[in-house]
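To keep things simple, chains are lettered A, B, C and D as they appear, and every chain counts its residues starting from 1.
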Amino acid sequence: MARIGVFVCWCGSNIASTVDVKAVADAAAKFPGVAHAVEYKYMCSDPGQAMIRQAIADKRLTGVVVAACSPRMHEPTFRRLALSAGLNPYFVEMANIREHCSWVHDDRPLATTKAIETVKMLVEKVRRASPLEPIRVPVTRKAMVVGGGIAGIQAALDIANAGVDVILVERSPSIGGHMAQLDETFPTLDCSQCILTPKMVDLAQHPRARIYTYAEVEEVKGFVGNFRVTVRQKAKTIDHAKCTACGVCIEKCPASVPSEFDCGLATRKAVYVPFPQAVPAKPVIDRGACLWFTKGRCKVCEKFCPAGAVSFADKDSLVEETVGAIVVATGFDLIDRGLYGEYGYGKLADCIDGLQFERMLSASGPTGGKLVKPTSGETPKTVVFVQCVGSRDDSKGLPYCSRVCCMYAAKHAMLFKHKVKDGRAYIFYIDIRAAGKGYEEFVKRAVDEDRVVYLRGRVSRMFEKDGCVIVKGADTLSGQQVEIKADLVVLATAITGSEGVRDLAGKLRIGFDQYGFLSEAHPKLRPVETNTPGVFLAGACQAPKDIPDTVSQAGAAASKVLGLLSSPELVREPLVASVDEAICIGCFACENTCPYGAVEHGLRKDAETGLEVEVAKVNPGICEGCGACVPVCRPKAMDLKGYSEEQIYSEINALSGRLNVKG
Amino acid sequence: MRYAFYPGCSLESSAKEYRASTVLVARSLGIELEEIPGWICCGSTPGHMSDKLVGIALPAHTLAAAAKMGTEGVLVSCASCYSRLRAANHAVRASEAFANQVALALGERYAGDVPVYHMLEIVAKAAAAPGFEEKIKRRLKGLKVASYYGCLLVRPPDITGFDDQEDPQTLDRVVAALGAEPIAWRHKVECCGAALAFTHADVALKLSGEILEDAKSSGADAVVVACPLCQSNLDLRQRNIERFLGIDLEVPVIYFTQLVGLAFGYSAGQLGLGKHMVNPVPLLKRRGIHV
Amino acid sequence: MTHAGSGHEELGVTNFLEEVESQTGEKVRICYQCGKCSAGCPVGYVMDLLPNQVIRLIQLGLRQEVLDSSTIWLCASCETCATRCPREIEIVRVMDYLRQQARLGGHTHAAREVPIFIHSFLANLKRFGRLYEPMLVGMYNLASGHLTKDMDKAPAMIIKRKLALLPSRAKGLHRMRQILKNIEEMRHR
Amino acid sequence: MAVTRPRIVAFLCNWCSYAGADLAGTTRIKYRADVRVIRVPCSGRVDPAFILKAFETGADAVLVGGCHPGDCHYVRGNLNARRRFLVLRHLLRYMGIEEERFQVAWCSAAEGAKWARLVNEVCEIAEKLGPLKGFKSIAGELATPEKEITLSGE
């Protein structure tokens, strides 16, 4: 026999001035199952709470309805109170008679009627409530970071330094990412390698860190606290345990292909280390380029290797790792400048993109830091930098700003002037976005000290003529057309999400936009979380970002991971779906509806036949409690705790019949 | 293959040789051209400059007339006409309200459903198809040609949808199919200024001059065109261009249909090669192409 | 906000922008002034305003300034701007509307030859239903006062039988006249 | 004297529409008092049968509020709901219930004013159509009305 207590709050005059709180309490007292109904000035105040606690004890209440403000405001308060008074918190419901009633209506009788009916609905709901215990999920105190650029390295270091084991998975043969390709970085012009490589080494040597290079995420099972990730370790074909990194194989290898790291400005061998400071510093064999794997002859490397580390028999291997949380740090790609017919479809040899220019600037780059005109090898005297190539260009399908180009174009022009004193640098821009710390000053320096000429306008066309690139642009500030005979053109091509990120997002069940950027859970308040609990974002995989922002976000993601892994188990609200296996027919309509993959296949022994039948099982660790699976369940075997079929029907039924209001 | 043929004004007068060669080439390719009865001027640039409705109604009338002929569609040789006819189709399909206005102007309804092809599209299709090789009596070996598309064949892409708007290849492919060598150059799709030829000759001369200069400096013997307005700008005014820019050009400007006709074995006379201000015949002789 | 140049002019509060947009169906307001149209305009070097400036003045509602510019007449309708516009604005469609408004409002001094040419061209069509070049040259030269322009080409053209000595009337002439008449009537209504 | 007013039953998802309705309150936007709100975690939880039940128990109109497409707290619950309701509309038509009596709206946590407007609009629809007829024929007797409670208005 239910004994419900109803507590009507005045909220000072907030409710009482519009709702006849006494009438509500009196009416509630007459509802079936209600054993106690009172009203009071401030239910959330200490005396208010004491009053409820007292009533629960004295009246031996089996349920509580607090008619006050929005449950989004005080539901936790009153559920905690119930717990402390020895009543299961899920026997407490709130009737929202403030936000949904007294604050939005003027007519006292009508508002009062609404309040009474609202209380009635929730009394009915509480009468059909069942006790629920919070879900406790054991947590694997280990994290995985996907992507070994500065974002991934920083996140992994922060996690490892906090004493938590971390596994970093990198697709290429070395960690370092795009930052390793950069020369000097804005706005301080400190050398990218000099600040990055120590971090790379720290991570490689960290006792709590484990790095898989030349590896990719194959499959993700499980859920927050316990993801089971299968990592594909691509065959390196070089046994790193034996390899001494002497480099003879590389020296002897006859097969050359364009170097990814040098953006095609130089070649690398089929057996290669992407760049001198690579971590690990030991080579892998690119089977797509290796003569043995493509043509079935050669094996020169094997012949010369003093350590006998070359093993052509090596195969891809699959490794399963269980981790409690995952940080995605897959970075970015530049768009293909072939998109621009008016800029020669990327076929103009003296027209390169920003990353290629970085490689040219870099002392460890293909030109040893010497700026050259690709077609002639001479030093370029006139260089044109073009911003917003792809960015902010709806006709090319990329409406957004890539955020870093304004700064690196200024940097490029500056570094060019430092290397070529008598050179002329022009930058075509639409707007200069230099909002970071020290950024505006940096751009000013390019103009004031290094005499970089900024032209406000886009370039309409460029073509090769007499060994130069003719750039047809405009300066909208002076209202003139501009034609520049350039030795070299550097395009600030737009940034998009990195290739293959969509597959990964699918495996992790996280969202992404049409440009390949991964979706955060909330653009302001949950910028590093995703909609999959336990999966976090760091760096440019979420949106174009510069190094300072990337590093901060990586730190943020790490701290979220550490917070999550700080306790041995996760405690989650028990408002999840559950299956009555006795009536489940195993159609798995629920499985198809569930956006979280929380429905698993289980077996039930059929009482009569004794046969094993397949039934749906909800994994409470994954279920987010949306309830989408309930309406699709044909035999009504599925139900949602806290919002059960019975509870909702009883709320609806509570409304049958009318109150007749004398006005 | 039967097409409703829209010659357009120029082919009636200043571009008679374009018409002649178009007809001959069509015949050799087994394409039947039936002139649209009662066709009128498309209004060209002045048409749409003066009034949107005039600019659409004039071509729409000719298209409506063509619609009654039950052919593959309209075949047109002039790039400007081509663009106006396509624009008319586009405009009446885009807006019901505007289509009604056009109907009022024409006194009949036109649905915008007659396909419009440029002669170049048809020839390019044929050149890519089997059997074309056999038709070639005279390979134009050793002839270096700059394929000039100009503006209206390729722009705006959503109206013409003809080929890539920055680096089209259709004409180059035809030229290559004839054994001649299409050269790589920069002014394929630059504007020749035809619209200003009357009113601001100096502009037209400058723009046309740059085109011819680039063709020449890129090693072309001749420029091949698919538009009578481009042709007259580049050929008829070439002497003025030379005077205006103080340079020597002497670049023959040939219709692509004449080039195809030559390869098919027609004579210089039949193709009206003699009608050009810069006579291409000597050049052809120099290249060992006997016409 | 007032326009320093002509003090009385109210910036951005006239309905000129709305007018142009509704009449052309082009979203002129979305232009963010990147200048790519001006950068590629083959005629830009002789214009008094670059295309992006014309668009800007429309955005600000400065009707007078726009219609008085030579740009709207010098635009060769080559479609280079529209083809490359990152905001996909069909600028030629806008120019056409401006030219029509300029002719109606008699703003034709900036580059008077073009409106005269347009007029001669249409008159020529009314007369023959097709373009008859000698007559066009003649009409235009009389109207514009360049008496001998392009006459130098006539003899050669006649020898090469490019020019007919007598005009041939198009069979569709009466239809052409009817259409132009209908349109004029529609305009008056 | 006694007045019978329309009865609107609204199912609001906890994350967007319910919060939107809260916002209408905190910003004191007034609207008609004829709506009764049932809080659900997600519009995807709303079973078409709930709507039929609501009509059966005397609702003159039913309103379902969910997050805007793309903003669903549960990824795509609102879209599942939308698909189900397409089917429901056919059923309602078949049952002789005017389709306008059933409204689905996307209302974000920031759209307090929209929520208020929605309620008023649905109330007007319900008044225009008058009390729900047509359902009894299939549903049979209405659930027995509760004893009348009378209040003295001042």
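Definition applied: a contact is a pair of C-beta atoms (placed from the backbone, for glycine too) under 8 Å apart; a residue touches a chain by one contact, two chains touch by 3 or more.
The structure displayed is predicted, hence computed values, not measured ones.
Trainee: Which chain pair is joined by more contacting C-beta pairs, B-C or A-C?
Mentor: Contact tally favours B-C.
Trainee: Indicate the whole-number Å distance between the mean C-alpha point of subunit C and the mean C-alpha point of subunit D.
Mentor: Each chain reduced to its C-alpha mean, subunit C and subunit D end up 58 Å apart.
Trainee: List the centre-to-centre spacing of subunit A and subunit C in whole Å, with centres computed as mean CA coordinates.
Mentor: That gives a centre separation of 53 Å.
Trainee: If you average the Cα atoms of subunit B and of subunit C to get two centres, how far apart are those centres in Å?
Mentor: Taking the average C-alpha coordinate of subunit B and of subunit C, the gap between them is 23 Å.
Trainee: Cα centroid separation between subunit A and subunit B, in whole Å?
Mentor: 54
Trainee: Subunit A: which residues touch two or more other chains?
Mentor: 342
Trainee: Which subunit C residues touch at least two other chains?
Mentor: In subunit C, residues 80 touch at least two other chains, as defined above.
Trainee: Considering subunit D alone, which of its residues make contact with at least two other chains?
Mentor: None at all.
Trainee: Return all touching chain pairs.
Mentor: Contacting pairs: A-B, A-C, A-D, B-C.
Trainee: Which of the residues in subunit B come into contact with subunit C in the complex?
Mentor: Contact set of subunit B toward subunit C: 9-10, 12-16, 37-41, 43-55, 57-58, 61-62, 65, 95, 101, 104-107, 151-152, 155-157, 165, 190-191, 193-196, 198-201, 203, 207, 236-237, 274-275, 277.
Trainee: Looking at the complex, which residues from subunit D come into contact with subunit A?
Mentor: Residues of subunit D touching subunit A: 1-5, 7, 9, 14, 18-19, 21-22, 24-26, 28-31, 33-42, 44-50, 53-54, 57-59, 73-77, 80-81, 84, 116, 142-146, 148-154.
Trainee: Within the complex, which stretch of subunit A touches subunit D?
Mentor: Its residues touching subunit D are 20, 23, 27, 30, 70-72, 96, 98-101, 103-114, 116-118, 121, 511, 531, 575, 593, 595-596, 624-628, 630-632, 640, 643, 645, 648-649, 651-653, 655-663.
Trainee: Show me the residue ranges of subunit B that touch subunit A in the complex, using the header's touch definition.
Mentor: 164-167, 186
Trainee: Give every residue of subunit A touching subunit C within the complex, in rising order.
Mentor: So the residues of subunit A touching subunit C come out as 342, 388, 392-396, 430, 456-461, 472-476, 479-482.
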